[in-house]
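Heads up, there are several structures right after this.
There are two complexes below, and they share chain A, which is joined by chain B in the first and by chain C in the second.
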Partner chain A sequence: MKVQVRNVEDVAIIDCSGDVDLYSSPRLREALLGQIRGGAKSVLVNMGEVGYIDSSGIATLVEGLQLSRTTKTRFGLYSLRSNARSVLELARLHKVFNLFETEQEALEKIGSVQPFGGL
Partner chain B sequence: MRIDLTSEPRLLQILRGVVRCRALEAGVPEPEAERLALAVSEAAANVIRHTYGGREDARLALEIRTFPDRLEFVLEDWGPKVCLDQIRHRPLDDVRPGGLGTYFMNCFMDDCSYDPDFAEGNRLRMIKYRQREVAH
Partner chain C sequence: MNERISLVLKNNLAELERLAAEVTAWCSRQALSEEVDYQLNLVLDEVVSNVIRHGYRDKRQHEIRVDLDFQDGELTIQVEDDGVHFSPLQVTPPDITKPINERPVGGLGIYMVRQIMDSLDYRRETGRNSLIMKKRVGAA
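Now for the complex of A and B:
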């Protein structure tokens, strides 16, 4: 799995690719929690190249979500493939996360200057 | 077929590949093969995390058996006996990290049970029945 962070204006985007499992999820966790703790106003995870995610990967995303609520950081996921989406749906988490189809949509909604909680 | 491996998390990807490949060879449709791979991987991850406490030098073995009506995945470890009372997934409306691995296993397999006669450790037998052709 590869994890890379880039910034689009004041939004931190975490590009994630490969399998997110017990072995690799600590790398995603480090990047995700690092961005939120580091004061990013908005954090997006690009899931477009994630072909597999297991319960430890889901746990990492939930941890990020919980921390983002504490720090009032806007947080969302986009470009989920069918496998990842179906796992989130099975865990009934698809309505808990802010999910977007594309990066553009995610940036428009998450990156817009609206009060936290508007999503 | 049977594969033996050490309890290194990086090997889970290989384990999934074997399950996926064997399921496809047995005629399982690709989406279901993916789900079976996830279920077996979750079971192995549970062994690595909970039974072996993160140790990477312990042993795991997976045997895959195919039958006309079902596929069986038998996962063995040589750790302390699992306490069945403690194997419970979290309520889905209690959103917090963790507690979903067993849930996914039970969603994607038709039966998961431990062999009480396996004295050396734990033997988890997971069964997926093949979907019957609908007669027209």
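Now for the complex of A and C:
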């Protein structure tokens, strides 16, 4: 799995690619929590190249979401593939994350997200 | 083509990659859909990684046996190990109705397995855990 962070204006985008599993999720966790703790106003995770995610990957995203609510950071995911979306649905988490179809949509809407909740 | 396979894995997390490759190749030979392949990988990833991480109190090498079968539209997965007595059926499911900030970060693995599979049957026999999971699926 690869994790890279880039900034588009005041939004930190975490590009994640490959499998997010027990082995690799600590790398996503480090990047995600690092950006939130580091004071980013908005954090987006680009899931477009994530082919597989397991419960440890989901747990990492939940941890990021919980921390973002504490720090009042806007947080969202975009470009989820159908299988990854299904896993979120299995865990009944698809309604608690801010989910966007594309990076453009995410960048347009993330500023309107309540940092302690949904859109 | 119905082909039952048995895989023997060591209690080492690096084995999960080999397991995933074997499962995907088997799903392809059974003409199972990509969705079923994904679900099967997720189920085995969660179950086998639990055994490897929590099943053994010693540092010795152990074997975990995974059997896969697909007959008459029914997928059967059996996972057998000689780890400590552990029944996934007795794991309290996470309360998914709680507000997100009150939900525990982990604990979703077994819950997701139960959501994906139609049935789980657990037995402890002669010092071994045996978990049999079934699911009706269609071919791709």
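Here, the second predicted complex is superposed on the first by the 111 of 119 C-alpha atoms of A that agree within 3 Å, B and C clash if a C-alpha of one lies under 4 Å from a C-alpha of the other, contacts with A are read in each partner's own complex, and residues count from 1 in each chain.
By definition in this document, contacts are C-beta pairs under 8 Å (C-beta built on N, C-alpha and C of every residue); 3 or more make two chains touch, one makes a residue touch a chain.
These figures come from a predicted structure and were not determined experimentally.
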item	value
Combined model on chain A where chain B meets chain C, clash or fit	clash
Which superposed partner A:69 touches (first chain B, second chain C, both, neither)	second
Touched partner set for A:96, first chain B, second chain C, both or neither	both
First, second, both or neither for A:107, with chain B first and chain C second	neither
First (chain B), second (chain C), both or neither touched by A:55	both
Contacts of A:22 with chain B and chain C, given as first, second, both or neither	both
First (chain B), second (chain C), both or neither touched by A:14	neither
Which superposed partner A:87 touches (first chain B, second chain C, both, neither)	both
Overlap of the chain B and chain C footprints on chain A, listed as residue numbers	21-23, 52, 54-56, 58-59, 62-63, 65-66, 83, 87, 90-93, 96
Complex contact set, residues of chain C against chain A	13, 16, 34-35, 38, 41-42, 45-46, 49, 96, 100-101, 103, 105-106, 108-109, 111-112, 115-116
Chain B to chain A touching residues, read off their complex	8-10, 12-13, 16, 34, 38, 41-42, 45, 48-49, 92-93, 95-101, 103-104, 107
Residue ranges of chain A touching chain C (in the complex, touch as defined)	21-23, 52, 54-56, 58-59, 62-63, 65-66, 69-70, 82-83, 86-87, 90-93, 96
Residues of chain A that touch chain B when the two form their complex	19, 21-23, 52, 54-56, 58-60, 62-63, 65-66, 83, 87, 90-93, 96
